[in-house]
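Order of writing sets the chain letters: A, B, C, D, E and F. Residues in each chain are counted from 1.
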């Protein structure tokens, strides 16, 4: 068993806001992230999959294929978008890095399985200092 | 003459759009950056000032003071904000990194001069790969 | 279960020296790190906690709270200090990154538990190339 | 139990090519990596070992010793070399990062054991975005 | 006048060898870089151009255009290639980072001029620690 | 004319303190940097030299020689040392990054000249965010 990781990047806007709460509560809970007109980040996404090494290629799966899966199903969908308004799979969900990471897992795990590999981890960094890891359960 | 640089970071949303043009032209000129609902970045700001070394302190100016100037007059104003909608000094200006850098210069140069130092450069990175430098003229 | 990581930094002096040994032995064991007048590092601390996502906030715990816990209980205590002389909780312990990481765990784990999260890992980098990971057991 | 990681770097050439296949198949499977005259990378190797902290030194094992082991047995052998042509332990193996990582494990695990530590992970980054992790089984 | 920088990356093999000299002299002058079967690097290329800000776009030139110019004329030509054997414009030249940077300038300066901008600097990093800057004269 | 840069690193302790002033004034001027028992940093030193490209080697000067000059005359002297107590050339000088950079210039400029190159810049980063540049005048 060996693990391969691919990093990709996207730039998106979001805000954190819960309609159940009034503005003061949202401000208290979400701080600067509740700014009405949004803010944004350069997100760094790291996808780790695992499997056995194929003796002919020396690959678990081709990193070029992993890159294409991530770009087609995630980056092309979320890059230069608003995570509150523009993304179908985030509808009705708070766009925290935690929730985004979980949704990415649901999208990517079956695609990776098509190539005979097993999804291991989604890591999503909102800034260099704030990072989420999700292992699918 | 010696140069000192301080890096600070802020997260903001923006979009590039010119009302003189129709949607198709905006899309052609600004590409993904024209997305109606905004996108965003982790901006890295690097401010360089220069001056003579004070023999008592060994400083051109105290980097703590430079940090405070940048935080008070820039970071606290633009962090977790929308550069099209929330920032007075960007009103009526296209919020490209080029224009933002020039406005930052106008704000910071006189503050730095109050400490006897000379503004040398504003560098603003929108992503790791896209970076603007402005020397004030 | 999801994991969130926060990175913080501090600058400190230390030296490695064991009074049980003579100077030559200390030099042989600890090399340059045994310099009598200390040396120092920019330490990078990465704290990982885990828990369930709260449906109202989309957070395991608020990263702002995690940041404050780390700054109040660690950074404000050790930053710009001497790890051999100035830090109560390091008294009588060799200030290797290994021992520092273990002490940080003891301090932070109960604080994080107060917010309903579980301490998962303390990572402490002394330089870009020398890094310690501790999982609490 | 505590984990210590050391990063080292080497620069090497390689190409991916399987003699069982014709040129078109190699090109389809390995893409740009199949270029006949080789290409190359700055590889970043990260070696993690684990063990108990020695009470006299505060170390699992001396990071200086770990550095020397990696340099003597890996870096001095592969740095500024061609991984297809110059390296005995890669003979007959596809020089993918996956296979290289597995060979490094076989070489380093017994050396680390001589110092009373246990090999935990070999991480090998071919670029900032393409990274392999191997845990020895 | 404002400056914009774009970073791009490529992976290539090379060796340093001068046919005027015997093997011992090449080894003495070029050290490990003279390895007969090549070695390689992840090169980081940073291209800086300058000009006036266009009032309609807020751009000196569109960074998307600058990216495309660099990719079309440089990256697509040199990525995953051997700089001694595969690149027409390096024929008969020692493939040091110095010489590569000068050749890149000759190729890119007229392309950038077509967009009304002025070439300012080519920076080429062979490793994180070894970096070349060329200003065209 | 072409510029070559080499980065090297060292770890050192220091404190900022002026005997002309009482403790309260030192604390007000130098803040946390005045801690009596020192603190420390991982300093990143970047040395830039310039010259013409030698047609036989393709080098301004061999980066291996530049590395050796920096290591012999700077790194071996200051690494894992106390900049207030252990370094002859800092005696009687406030060990700010500004003053350290100027002293490094005086030491390195004649050594580089011996290889036919011209010293251009000393850059010294105390942390990722606090950086000094000195051009020799």
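Just so it is clear, a residue touches a chain if its C-beta (ideal position, glycine included) is under 8 Å from a C-beta of that chain, and two chains touch if they have at least 3 such contacts.
The structure displayed is predicted, hence computed values, not measured ones.
Any chain touching subunit C that also touches subunit F would appear here, but none does. Here the repeat of C-F among A-B, A-D or B-F is A-B, since over half of its contact pairs match by residue number. Centroid distances from subunit C, each centroid being the mean of CA atoms, peak for E. Subunit C and subunit D, compared by their mean Cα positions, are separated by 28 Å.
Distance from the subunit A centre to the subunit E centre is 33 Å, each centre being the mean of its Cα atoms.
Annotation for subunit B: residues 128 touch two or more other chains. Inter-chain contacts, as defined above, occur between A-B, A-C, A-D, B-E, B-F, C-D, C-F, D-E, E-F. Per the touch definition, subunit F reaches subunit B in the complex via residues 16, 18, 20, 29-31, 93-96, 98-99, 101-102, 128-135, 137. Those residues of subunit D that touch subunit E in the complex are listed here as 9, 11-14, 32-33, 35, 37-42, 79-82, 84-86, 127-128. On subunit C, the positions that touch subunit A within their shared complex are 1-8, 48, 53, 56-60, 62-64, 67.
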